[in-house]
Amino acid sequence: MADKKELRIGLIGCGFMGRTHTNGYKRVNDFFPEVGYRPVLKTVCSRTEEKVQAFADQWGYESIETDWRDVIARDDIDAVDICTPNSTHEEIAVAAAEAGKMVLCEKPLARNVEEGQRMVDAIEKAGVPNTVWYNYRRVPAVSLIKHIIDSGKLGRIFHYRANFLQDFTINPDVPQGGEALWRLDKEVAGSGVTGDLLAHCIDTAMWLNGGIKDVSAVAETFVKERVHQETGEEEKVEIDDACIFHCHFDNGSLGLFEATRYARGHKALYTLEINGENASLRWDLHDMNRLEFFDYADEPEVRGWSSIHVTEGEHPFMDKWWVPGLSIGYEHTFVHQVADFLKSLDNDEPCSPTFKEAQETQKVCEAILDSASSGSWKETGVEW
Amino acid sequence: MADKKELRIGLIGCGFMGRTHTNGYKRVNDFFPEVGYRPVLKTVCSRTEEKVQAFADQWGYESIETDWRDVIARDDIDAVDICTPNSTHEEIAVAAAEAGKMVLCEKPLARNVEEGQRMVDAIEKAGVPNTVWYNYRRVPAVSLIKHIIDSGKLGRIFHYRANFLQDFTINPDVPQGGEALWRLDKEVAGSGVTGDLLAHCIDTAMWLNGGIKDVSAVAETFVKERVHQETGEEEKVEIDDACIFHCHFDNGSLGLFEATRYARGHKALYTLEINGENASLRWDLHDMNRLEFFDYADEPEVRGWSSIHVTEGEHPFMDKWWVPGLSIGYEHTFVHQVADFLKSLDNDEPCSPTFKEAQETQKVCEAILDSASSGSWKETGVEW
Amino acid sequence: MADKKELRIGLIGCGFMGRTHTNGYKRVNDFFPEVGYRPVLKTVCSRTEEKVQAFADQWGYESIETDWRDVIARDDIDAVDICTPNSTHEEIAVAAAEAGKMVLCEKPLARNVEEGQRMVDAIEKAGVPNTVWYNYRRVPAVSLIKHIIDSGKLGRIFHYRANFLQDFTINPDVPQGGEALWRLDKEVAGSGVTGDLLAHCIDTAMWLNGGIKDVSAVAETFVKERVHQETGEEEKVEIDDACIFHCHFDNGSLGLFEATRYARGHKALYTLEINGENASLRWDLHDMNRLEFFDYADEPEVRGWSSIHVTEGEHPFMDKWWVPGLSIGYEHTFVHQVADFLKSLDNDEPCSPTFKEAQETQKVCEAILDSASSGSWKETGVEW
Amino acid sequence: MADKKELRIGLIGCGFMGRTHTNGYKRVNDFFPEVGYRPVLKTVCSRTEEKVQAFADQWGYESIETDWRDVIARDDIDAVDICTPNSTHEEIAVAAAEAGKMVLCEKPLARNVEEGQRMVDAIEKAGVPNTVWYNYRRVPAVSLIKHIIDSGKLGRIFHYRANFLQDFTINPDVPQGGEALWRLDKEVAGSGVTGDLLAHCIDTAMWLNGGIKDVSAVAETFVKERVHQETGEEEKVEIDDACIFHCHFDNGSLGLFEATRYARGHKALYTLEINGENASLRWDLHDMNRLEFFDYADEPEVRGWSSIHVTEGEHPFMDKWWVPGLSIGYEHTFVHQVADFLKSLDNDEPCSPTFKEAQETQKVCEAILDSASSGSWKETGVEW
């Protein structure tokens, strides 16, 4: 440890994502001893002093800040990690980049394409290392999908389908806005399930199956009004509660995507399936250590969907953890992304998904929302 | 048995569906002794004498015909069962109805709305008993879904999704047309997966969740040319290999449907899921004796998706078969429909789905194909 | 059909098993047209005239008898099918064999080894075709297991485990004895779950994995007294409610078996698993169309348990039924056994399991009961 | 953090278990901020200096030792954590207790009852806090089982079954002995799968279902000779490769247990099922975030096995981690045990399982091995 370089982290935001990222920083060297950097929890920032102090105490940050500008102004910060609501991403990221800081930004990159583009421009101008926390790519089973596809086992792809089903806003008494529920406030979040959930599905999809060319979408807001926590008033809900779209990928395959917060019985059911000429794959987040694989090359008599318990040394990331048969969980995806970010610094290479890649997902999200409001197909303009 | 009335069947077509229906007729009285009718296998008709004679011998039909008009002309036939390709449904059904025969027609009702409407008109004018073989309604687990929904356990419905995934035409060497593959010939079938597979999903969906108001669809033909079995030439494939649509139901819920013959690893994977305010249900045809049920009313600590093995005496149709834990299969759905058809004669009531109901499914299919070709939303005009 | 030889059946007993066998006779020619025989439902026999007449009417038997001796005495009966309680098997089977009838006997063969041996002796002396209805061998997935094992894919076998879990006697108010519950009456049944459930597991196990050499067992009667339906009195329950045993197979593998009627939530959960050096297999009756297969020869990265939907044309018996993806059920196992019995007549070969093979299962059952009562290991004396 | 008391850890052994425990110490305060103690990684000890230094560097131990006696002699150590092979447990634990250290010992407690008893005596005489790392109790789903049983939902228990299936020693070329494979060396391990795997199953079983009264077992060593890593010679394998036993629990239920390292396709498949009069539960380690629950009190029509995704705030330990639907993994069980150990210090209460409880498991293990070698039932002498 002594010979590792320090990577001094300034974390902005100390909510749920602040916890997942911090856990990633704290664990990475225990399990990825080969990386050249050692994250140091230099400071954490949030507007409410009492809250941020408690967070710093619990997690071991050396100091606190209550204005994110002060984090960026500090000389002892190498990397700024943005875990604040979407409406603040642009301003912080641009300032951090201009100050020459590395930037790690929680997804989605921004509220819209316009903001995202300014962020990409600033990052590229500054030439600083950067990444966006689309963490699900680094579920070992999902990384294994990528590996299997790259091996050519699937052949021509016909279908890609994914959904992300939750049920946490069914109750109309759930309010909108405020610290806990900004995801329901369009001004802060930019969109509802499209940016929150579909963005994950789209990032994975384009990573695995290439660019999405055009989309046709429908969105719905089932509960039309909710009390806003900042005003105390019933206000119109402007985000999309549910959104469905189909699309063409650049490779000619058909895509089908759905996200909702109104699927009773599902908490974080991100599922994906890809059907190729010669093989198919499917996965879901509720059973994240398993991957199902159908290979037409198997003997007809014993051909079936194989349930792979992705916990073997041969599987992505799994040689770092325990022994075959023993599972890892959600939080490990963030440890993996930290590890890959640190390796990218070692090797002076980009850490995917970069801001630039995340902006392509942003384009798809915007095309979806446009299509949903216009009722017609939209080109995405994605370059993958 | 002696005191049962005869229902003298004239079966037209002796392919796969001829077998499933015949099996239904032969078994119904063994398991549903309470019905007042006894099907009698009077005649079976197909153009090729040798083939139809072999079928009659194997299954026990009393006679054969090689021209369907001769079936309809016979006085000793009470009910005409149409198992021929879609392009012949209208002509046979209309003639049968005009001759005062009961008519049982394989799905889809017709190639298009126009044909379907003439069939409905003829049937209604004749006032004859009729039904269309959307057999999946009578999978006990699917009938149980209907029962649970009707009980009010789900509350307001938010989402309905279904797909029907097959993989049997991935190989481009599979030809189109001819007796075995008329489903790939647009002239004969009317459409591809839309009429063949989505029609099943739509019939079940409207039965369970009410009318579909409008649709937005995409269709694809992955293999553009195939040898036509009648000409021996490579010809353009005009049917839809895959079709996806989303829709609004009259009750405000969002629907999502997909069918394809290019989903490697799936043979007849008809799945459906419905998410309500208070409960959700899902089912698939590959594990057809199971129903999954999530009930938010359960205690939080033990709340989960319950896998119901639908083989108990309390479950629809299952008191007729074996004992709890012992499965039935695909063919039983046809026995159930025959039983219900015979009961409908006993009670002088319609046997759902009637031609009129099946025509509503036809309207949705046509709207789907229109939407897919135009790229815009289409109203279905369904009245459910 | 006209050119098939008649096989004139005399069915003795018209309970649950009478129905399953009759259904087998009635359906076999529809699906196995190649067999040379045609079962004819000549007569059915049961002590209560009204009941047997109703059965004959429903299922189409030509006549009834109320004394089984009259069935055997009839010249127009080729085969006697014994579906009566276990205590009657010996007397009927021996008489039928001596009269030169073919004999099909419901399992278990007898109440004990002594009875079974007299049955085998009589059958062999008479030289008549015979079989015992251990129907689960002919579940297509179970037949496929046999095929895979015979192919050598498993290598040396280490473990075999099976259980048969039910829950239908948990309620202490369930009585014992009488027509419906003779399985709880030791005098009639011979034993409890050992003869009723374990016998199935043992027959399959020895068919798949060879002879069982010795056993160590424990049995339990959880509800000590139940009202006897014939006396109306609380009487001691003498059958085994639950029985567990482990054993050595002749091939050196370890076996583990359990049966109970006190496993809440399981109806007919017959499961089996076999672990070989190179591959493993598992199956259960509740999802009877699926077989799970693990093959160590697969590439490490994608190695997993494959869920084979045993509905393809390549799978045992399945070319006779529908198309890939479409399930069959419990009753089909009896159709398959009838088909194989008829083929065995065509070919003048034994139809496995014969009385002689079923007697080996009887020996294991008796060793189990002996071991359970003595608390020590017992040799079975099985010759497989 | 500043106000927490230090708990200065001396870890003895730095193999696989050294990693899991260390990870537990490092993470506990991040997720259980309410505990009054803060583990400090004071020293780690192993015989090979180079190896232990590398471990200390990677994990952040302040110092190293190469003789465990030096750890015990240090004044700055509060708690000794024993992660060394079984043959060393007694000596270290007794010395540590006599030195007044808290003792945390990896399972099984000892090689046999005699050693275990001396350890219990020493611990009790010293009166020091102690615990044994039977970590699977603290899988949230397993803790939930305990909670459901304690709620009375199951009623009278009839059956308990568990197995622990692995496949890692099938290859006869795997050697025995040495640092990596001491589990195959009887002198060091005491037994094979009995102490390694069945001990886990027994600890959980008695915690959930009370004492095991007597056992009847069979054991097998499939590969009779393996190269010993210390001698380089083929030597007789003396441990049990596989072990099966059935038993009576004090509450009258029947138990059935199996462990093996020869079940091809299973890596760490610890499964358990418990059947009560009114409800049943089952769980397996490969899908450790799920619990299956059958409740006979549910309405008959919708009764089934409920798959509970044990990731909700209502579930044991899960309010400490992420949000509903997001899984945790194997390692979290150790964090939970550390948390409970620290709480037990706060409250001056024992942390279950204590040495005394673990000794009861030891008694069952010894009875199993005795029964397997004698072929007869053995009383365990357990007092639960």
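Chains: A, B, C and D, in written order; residue numbering restarts at 1 for each.
One rule holds for everything that comes next: a contact is a pair of C-beta atoms (placed from the backbone, for glycine too) under 8 Å apart; a residue touches a chain by one contact, two chains touch by 3 or more.
Please read these numbers as outputs of a predicted model, since none were measured by experiment.
Here the chain-to-chain distance from subunit A to subunit C, counted in touching steps, is 1.
Placing every chain at the mean of its C-alpha atoms, the farthest one from subunit A is found to be C.
Here the spacing of subunit B and subunit C, counted between their Cα centres, is 36 Å. Separating the centre of subunit C from that of subunit D, both taken as means of CA atoms, is a distance of 42 Å. Each of residues 266, 305, 309, 312 in subunit D touches at least two other chains. Across the complex, subunit B meets subunit A through its residues 158-159, 161, 165, 167, 170, 216, 218, 220, 222, 242, 244-246, 248, 252, 254, 256, 258, 260, 262-266, 275-280, 294, 296, 305, 375-377.
By the touch criterion stated above, subunit B contacts subunit C in their complex at residues 1-2, 16, 20, 22-23, 26-27, 29-30, 33, 57-60, 166, 168, 266-269, 285-290, 309, 311-312, 321-332. Of all the residues in subunit C, the ones that touch subunit A in their complex are 144, 147-148, 291-293, 295, 298, 300-309, 312, 314-315.
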